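In the two complexes that follow, chain A is the common piece, with chain B as its partner first and chain C second.
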Partner chain A sequence: MASLPVHGNARNTDGDRGLRAWWSRSERKVVPYVFISPFYILFIVFSVGPLVYALYLSLHRWPGTGPMRHVGLGNYTYLAGDPVFLKSLWNTVYYAVGAFLFILPLALVLALLINSTLIRIKSLFRIGYFLPILTSTVAATIMFLLIFNNEFGLINQGLASLGIPALKWLDEELVKISVLAVVTWRYTGINVLYFLTGLQSIPPELYEAAQVDGAGTWAQFRYITLPQLRPIALFVGVVTMIGSFQLFAEPMLLANGGPNDASLTIANYLYRMGFTNAKLGYGSAIGWVLALIIFGLSFIQLYLFGAFRKED
Partner chain B sequence: MNGSLTVRAQRTIAYGFLFFILISMATPFVWMISNTFKEQSQIFERQPTLIPEEPHLRNYVSLFVDFDFHKHFLNSAFIAVVHTFSHLFLASLAGFAFAKYNFPLKNFLFLILLGSMMVPLYTIFIPLFVLVIRLGLVNSYAGVIIPGVAGAFGIFFMKQSMEAVPGELLDSARIDGASEFRIYWQIALPLVRPALAVLAVLAFMGSWNDFVWPLVVLRSRELQTLPVVMAGMVSLYRMEYGVVMAASLLSTIPILLLFLVLQKQFLAGLTVGAVKS
Partner chain C sequence: MKYKFSRFVGLLLLLSMLFGAGTASAQDDITLTIWTFGSFFTDFYKGIEADYKEIAPHVTIVVEEIPYGQLYDNLQGAFVAGVGAPDIVDVEQGVISRFLKGEPGLVPLNDLIAPYADDYIMAKTGLYAHQGTIYGIDHCLCPVVLYYRHDIFADAGIEMPITTWDEFVEAASALTEQGISALSLSDRSWGDFYMLLLQSGSPGFFDADGNVIVDSPEAIAVLEWYLGLLESGVAIAPGDSQSIYGLMSEGKIAAAIGADWYGGFIKNNVADTEGLWRAAPLPAFEEGGARTSTHGGTAYSITAQSEHKDEAWAYIEFALFNEDNKIFEFQVNNLLPPVLSHLDNEALLGPDPYFDNQSLGELFLELAPEVPHQVRGPWFNEASTLVGNAIFEAAQGEKTAEQALKDAAAELRRQIDFG
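Moving on, here comes the complex of A and B:
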């Protein structure tokens, strides 16, 4: 489609023929670079460039227009003592730890049950748990406005009908739990699928051999299932951590980051600084700190799970 | 570990737990549907009722009349369709190159590609926005689509399936004088159709549900996508819960329909990262 067959065009001029001859010799050398170039052009323009520019901006004070003022590491030192940033950092860590404590064990238990011989109708659960991930974070969070509303939320209505006083799900004390509930609702099912993939890739011979040796259910789980799940657990762990540190829509829509910044994440604070308050330098510094945290934690997880160890 | 429990009892407990979680997960969704048929005053009632006493469609009417739902729906659809086709083209083309050619720096370039997935969106968020303004792409669909159109994951994914395309097939086409692009387009691409379908559902869903980037790029209301408009409805001073719930429900339906038709592709697509790890 892009070029016609080279041979058999007797009407060509000499120069044209030379060009065609060159192309027929070089096409296979040049073409792969042409095919992959859109990615690298877009990557350089829209990722590498902004990454470097973010570092540059983070060393300046700039409201988005007019001249920039160089402040050295001023934004970073200010960040270290900014109570709202530290609060958002704490909240984000809270969400990440909560995701590890709620979502991953729940997903693992559900996957183990679905995978066990006890359960026959597997796909109902597999697919049922999976459906929430199809919703957008916006639609999902909106749904939960009806669940957690302090006055007419479904949970409080349910508690009231049992004669239990209402809890303020969106107030400072509980709002982080509510955010975690939305996150758990949306992401448990996909992690069930990840764990199921891992469970199904365990060679059945391992269990057969263990049974021959007289290993009980618990021993099989402890010494076969868990170690064999390590690669998938590493994947799930890294994905969960990276996702948790970039939470944005759930706290924003459920409680607007509040009350009193109690649900605010790092990403929410970055947005507030960069877009609402037009502190582009400060916002960029937050972005770089976030990147360093994510890189650091990914590295630690890979290290702990021995991904760097030479095996096999 | 517990020989005391009969298999029957174990099975009952297992099913009980699985159904309990399933019902818990379905509840918010069912409750949302129920509330789209209620008046604001009925939503605020103390006694929850699953089936509204006088169900009505006023929330849906208001959604289209007062909030131009159909226009934002079309905006979302347009962006998602353009994004999906462009992404499939660029990803399969680059995946084909990585799978079927040997060229200097190939491994190095592929490593960069994998590394690019590590860049957190929020780190480049502010400068990317400045760049999009400078390029005159702010408040345009191009500004929403172009920065993310050649995602590394798609290339990585397509490379895997392109590797299964037999090289002899490509060579015999070369002997017949086909250009390299034509070999990609007419021979390789039709052979990886299943993988393209998987990537298509991922790309479409990602774009359809995307929120933060369209939120900052699309300034004028008539261009905005569904998630952006829905978020705006939530922050209104007097939020109409029924209308917001109706918007939330209707915005989810296209993906649910797509899922019903292409279930296998969805499940394969969403676990592909895990398998490949």
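Moving on, here comes the complex of A and C:
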């Protein structure tokens, strides 16, 4: 028995030598991977892992406890005929289109104004457009609830003073517009910031040269500003589209997705199914469909903006 | 040197093992973790902590207050993961159904509550049960009454209390003529309708066997009557609670149906009408019918992951069946005990200046035995969402009450079949 440790030590020493030799051979190759590994470990644990597991779950029906029931593509086929999912898809598309029609043009106009020499107190405007982003979504939405209140809300009181009958801002017909108003208030500022960054990175020589050639304000905007903004516009477009499809808090807090699911987004429906109703498989299927929609639309946007074209 | 160091480490290990064994031998010292969602519950638990320490010195109670939605998402996560659940959790009635699917992560409490069946108002267990197995024991009774502005009713010449809903609707026309709505009812969510459906004698959206009865003739009749109240102007649907309180303050809404806690909401949100409110039994659907319903609740549940289930139940017994504790809880969070022998406590029967010095406690004591039984189970969330939408569609005139409920029931059955 006494000899065992000696053998053990000898083996360890041999092992140590082997390890050292391997390390000296491989150090230069391994160390960079070790340095970048924290990101990949976190990415695999918190992103890739859940994605793969969600894909697995989406092929099952499972309330979170007890045995899973394999249903193949059953969740996906049910989804295709689920009227509430289709309604939430339509609502989400409505918000996304609204964001492109209202938020982006408004943000561009505000960025142009702030970037121009017309506006004097620029820091005041910068604070103004950035404050909504810093405000808690819950606090801001509660404030909007008071503004949209049917009986005593600010807007309806204003309309009443003009002799216009009160409108039901949170009813089926208008609730999506109300959600869009909150979203516009909240996200225009950050897009102004993006556009402003893009505008300020346009070399002033281009405008000077254009002025020498006799280009007016509109011509400068049309032929210099807009083309030069293309990369930032692509970024803003993709981010806005992804943000719109992931919209969750505002419709949830403003109208709980209702009335009659009129303001429900896909993300709200995913939460309702996956958590509130404990249908983890179905919720995962909704999540995958949402991810594929976002991926597809991002791809189309990138393609249309020529992001895949080789530079000349 | 190395040899000495390793001996030193070995000695340390030995000592730590001995020390560890020493603590393990004091097995009686345990910690019970409670998850709750409101400061009104936390304050109650903190308030009884010292008394419980005297009874069970080996038990340490740790209360973790987590925001409402997050608490139940965390609980679901703990059940999915198989670890991380607390010993005791406050399960609000609106979220219980998701935890009744699959293999519930909550402990059956039938045998534990059985010795109290004569004193505890067992109708409240229906909210937290599935196929006869009870998974939660309610903190509160939540009996529903009619809160009304006695000044407005008296001015209109209406004598309260009124015995039946038919008489109430007839009398309310005197208010409607003055532009006052007698009631406030929701035209888009299920709560008000559900209270009245239970009062009508229905077990709710499911029968005792778990079959969907959302489209039963009884439910259709109650919804038709309910929508009639909204159409005739007897009731108004302002859409949100702030509007309701505003209209109550202005005297445009003269009454409301609500549980014990709703009286507290009126008191806090319509403070300027102190002394002008009273409460009465709900008018019955027919002479001699039920005069109350129930709305809301939060149950004590013990999780299957708890390693101290017996101690957890002992604590719940102390919190729930000790009369002093329940009276203290009422003073902290205004929740009326669901225990018959507590309801005649002097502290609950005192006059309330906000309610014209009426003793609401006496009214609740009188109505407590009539609190209706109900059946919920794992599909209640789906049912309540669909019924809320059905009420909205019918109130908007998009469908008849019958069609809206039949469509909701068909969709609910489809969802249940889907699993």
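Assume the second predicted complex is superposed on the first by the 275 of 312 C-alpha atoms of A that agree within 3 Å, B and C clash if a C-alpha of one lies under 4 Å from a C-alpha of the other, contacts with A are read in each partner's own complex, and residues count from 1 in each chain.
The definition used in the following text is that contacts are C-beta pairs under 8 Å (C-beta built on N, C-alpha and C of every residue); 3 or more make two chains touch, one makes a residue touch a chain.
A quick note: this is a predicted structure, and the numbers were derived from the prediction, not measured.
Bringing the complexes onto one copy of chain A puts chain B in a clash with chain C. In the superposition on chain A, contact is made by A:63 with chain C only, not with chain B. Shared-chain residue A:151: touches chain B and chain C both.
In the superposed three-chain model, the partner touching more residues of chain A is B, compared with the other of chain B and chain C. Contact with chain C, but none with chain B, is seen for A:261 once the two complexes are overlaid on the shared chain.
Of the two partner chains, neither chain B nor chain C is touched by A:90. Touch criterion met: A:280 reaches chain B and chain C at once.
Legend: residue contacts after superposition of the two complexes on their common chain; A:216 is shown touching chain B, with no touch to chain C.
Once the two complexes are laid over each other on the shared chain, residue contacts for A:138 go to chain B alone; chain C is not touched. By the touch criterion defined above, A:303 reaches neither chain B nor chain C.
Only one of the stretches 74-82, 146-154 or 218-226 belonging to chain C has C-alpha atoms clashing with chain B in the superposition, and it is 74-82.
Residues 64, 145-146, 151-152, 275, 280 of chain A lie at the contact with chain B in one complex and at the contact with chain C in the other. Interface residues of chain C facing chain A in the complex, by the touch rule stated above, are 72-73, 76, 79-80, 95, 98-99, 101-105, 188-189, 238-240, 242-243, 246-247, 378, 381-382, 385, 388-389, 392-393, 396, 411, 418-419. Within the complex formed with chain C, the residues of chain A that make contact are 61-66, 69, 78, 83, 145-146, 149-152, 168, 170-172, 258-261, 272, 275-278, 280, 282. Residues 1, 7, 10-11, 14-15, 17-18, 21-22, 25-29, 31-32, 35, 43-48, 90, 93-94, 96-98, 101, 103, 106, 109, 112-113, 116, 118-131, 146-150, 152, 155, 176-182, 184-186, 205, 208-212, 216, 226-227, 230-231, 234-235, 241, 244-245, 247-249, 251-252, 255-256, 259, 263, 266-267, 270-271, 273-275, 277 of chain B touch chain A in their complex. On the side of chain A, the complex with chain B involves touching residues 1-7, 27-29, 31-33, 35-36, 38-40, 42-43, 45-47, 49-51, 53-54, 57, 64, 106, 109-110, 113-114, 116, 118-119, 124-139, 142-147, 151-152, 154, 157-158, 160-161, 185, 188-190, 193-194, 197-198, 216-218, 231-232, 234-236, 239, 242, 245-246, 248-249, 252-253, 256, 266-267, 270-271, 274-275, 280, 283-284, 287-288, 290-291, 294-295, 298.
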